[in-house]
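Notes follow the structure.
Order as written gives the chain letters A, B, C and D; numbering starts at 1 within each chain.
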């Protein structure tokens, strides 16, 4: 089984999950008060940017993995469905964080966001290590050093997000800052130092 | 006529129907009550997971069928449109079940869910048996044993969901548990024992 | 310029416009009254089915046209964008018809639906006749009889929907029945007698 | 790395962002008052048309660029994600302009729209000039005159939208008219004089 249709389906879910984020950006005000309302809505823009970027990072990584993957099987399709169910869930906790950034619900919102990201990272690891273990679905001509490099680079994902989630129990604000920093760091690191 | 564009369109509908499910997940609460509200919302998460998985299973099966199908005709396109109209309808009864899991509306919601799944299974059978009967649209090089195996595997679909729907008349809760068990069973069976 | 990416974009708009229709299907009721509410909501199901089918028919025809089209140019891309803007508008008047099927707003809703369908048919004609006139974008190996047959088959589209729209001024109900009959007739005619 | 999957993802975001615009078109009225309500809602139709057209123009240009681009790298993927985050944001300020066309919030809405379009134009320039500078990702067989022509044609984008945004501080209505004129001019210019 080739991976073409799996990539089309995955790209659809990524594109929709990212684009749906805009439905959560609101600014309700009448007349001249709109300017004030738009300024006050900055947590929504920040949440939109961080979530779009986060989904974009995951998409770029999915892309990089599938460059090494040449085949697919039924179990691999289901693992991808599980993983994509996590990705498509991201808009919900993102909205919670934006909504509760200035009230007492931020702890619960940050934990919900963190748990979703940990689940997504675990789902990604399931997809990748199923394909990479014993080169089960890897293209015959793929360079083993690249495959091993990808494997190493995914190990810190779930623990990092797990740690940032635990920080929420102590300080929700610090946790949210950490989530944004992780996303920003990843983009900078990949785009400044990434080779392919 | 090749099947490329039909698969792109179908993958789009699958991806959107699955991803739209997140729009039905809500947790409205102010401040510190958010944690309680998020715990109380578990039927929504369960509904999201079961519906995403169910649409994922249907997508995996659609994929498996189209591996055997090499051509398309106008009637086949319309049968796929009918089938996809059923798939895209699934988010609605899913939402009903989640919304009414703890009130007297569960019977009606479970029946609506079951009827939708029966219609989807019938639509799928229409698509497959139109293509497979007399190998009308089957690839010339497809193995007839694989084709017959797929035909056999789709026969129990509609009756199984029909039976689970009838159970709702007697016990809505048992019916909903059955829907989740059918989805879980299918994933386990396919991923543990499925060959391709 | 090849037509590959245009088809991907168009298939995306078709798939999303059709799938978004489900967001307009609602049944709000508490507890045991849900069954009654679900029965009362039948105009929404009918509107969903007619609109999904209508968008499906347009997609099948777009598909049939693009089987004959081999190239694209910048003007053709814009004509397709105009046409797709009409297709993506269809969910709005569809929702109006379902919402007002049993009140005095049906005339305005039916006119809105009809005008949208006339605009869509004109947009489609613009796309097709731009490509087909003088075989501007037609594949070199396309059979001229097939091309001319498609041209003939699109001539009645706009006038038929225009006539059904005018009927709304006299009887909105008759007009809505006509819209459903046109969709049903088209599906039957294509799938029973269509050759490819 | 080939650009196939990047184009699929981008086309998905374009298609969804454009199609989601319809969710902002509303006409709430009971019975016979619907006709009046539909007439009163014309700013929504105009906003839908301008925004769909604007996203369509951007898509056509993205398409034209990628005809010259043959390869992709990780940084290029992220630049595209940033750019697409701007595109997917367009429905929000579009909705604000339509909502506030007849009240004192138009200035803030027009500024929000203009800033979004400036950011989108800058994002587009980032994508294009990263690929075109030193022919970094350009196809080996691409004509340098075409590449330079595209580079020249994108230079006025951000300044034009920036100027139209500044006009909003003096006259919001003039600014909104300018946004529509820019979109209309671009379509006419491209489709009347564009060569490919």
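By definition in this document, contacts are C-beta pairs under 8 Å (C-beta built on N, C-alpha and C of every residue); 3 or more make two chains touch, one makes a residue touch a chain.
As the structure is a computational prediction, the values presented were derived from the model and not from experiment.
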Task: Copies chain D and chain A - interface residue numbers shared by over half, same or different - done: different
Task: Chain of greatest Cα-centre distance to chain D - done: B
- [ ] Could you say what rotation angle superposes chain A on its sequence twin chain B, using C-alpha positions and rounding to the nearest 5°?
- [x] 90
Open item on the list: Distance between chain B and chain C based on Cα centroids, please, to the nearest Å.
Closed with: 25
TODO: Report the inter-chain centroid distance for chain A and chain C in whole angstrom, where each centroid is the mean of the CA atoms.
DONE: 36
Task: Multi-chain contact sites of chain C, meaning residues that touch two or more partners - done: 8, 12, 16, 20, 23
- [ ] Going by the contact rule at the top, pick out the chain B residues touching chain C in the complex.
- [x] 1, 5-6, 8-9, 12-13, 16-17, 20, 23, 73-75, 77-79, 81-82, 84-85, 88-89, 91-92, 96, 100, 103-105, 107-109, 112
Task: Footprint of chain C on chain D - complex, ascending - done: 7-8, 11-12, 14-16, 18-23, 25, 27, 29-35, 38, 48-49, 52-53, 56-57, 59-60, 63-64, 66-67, 187, 190-192, 194-196
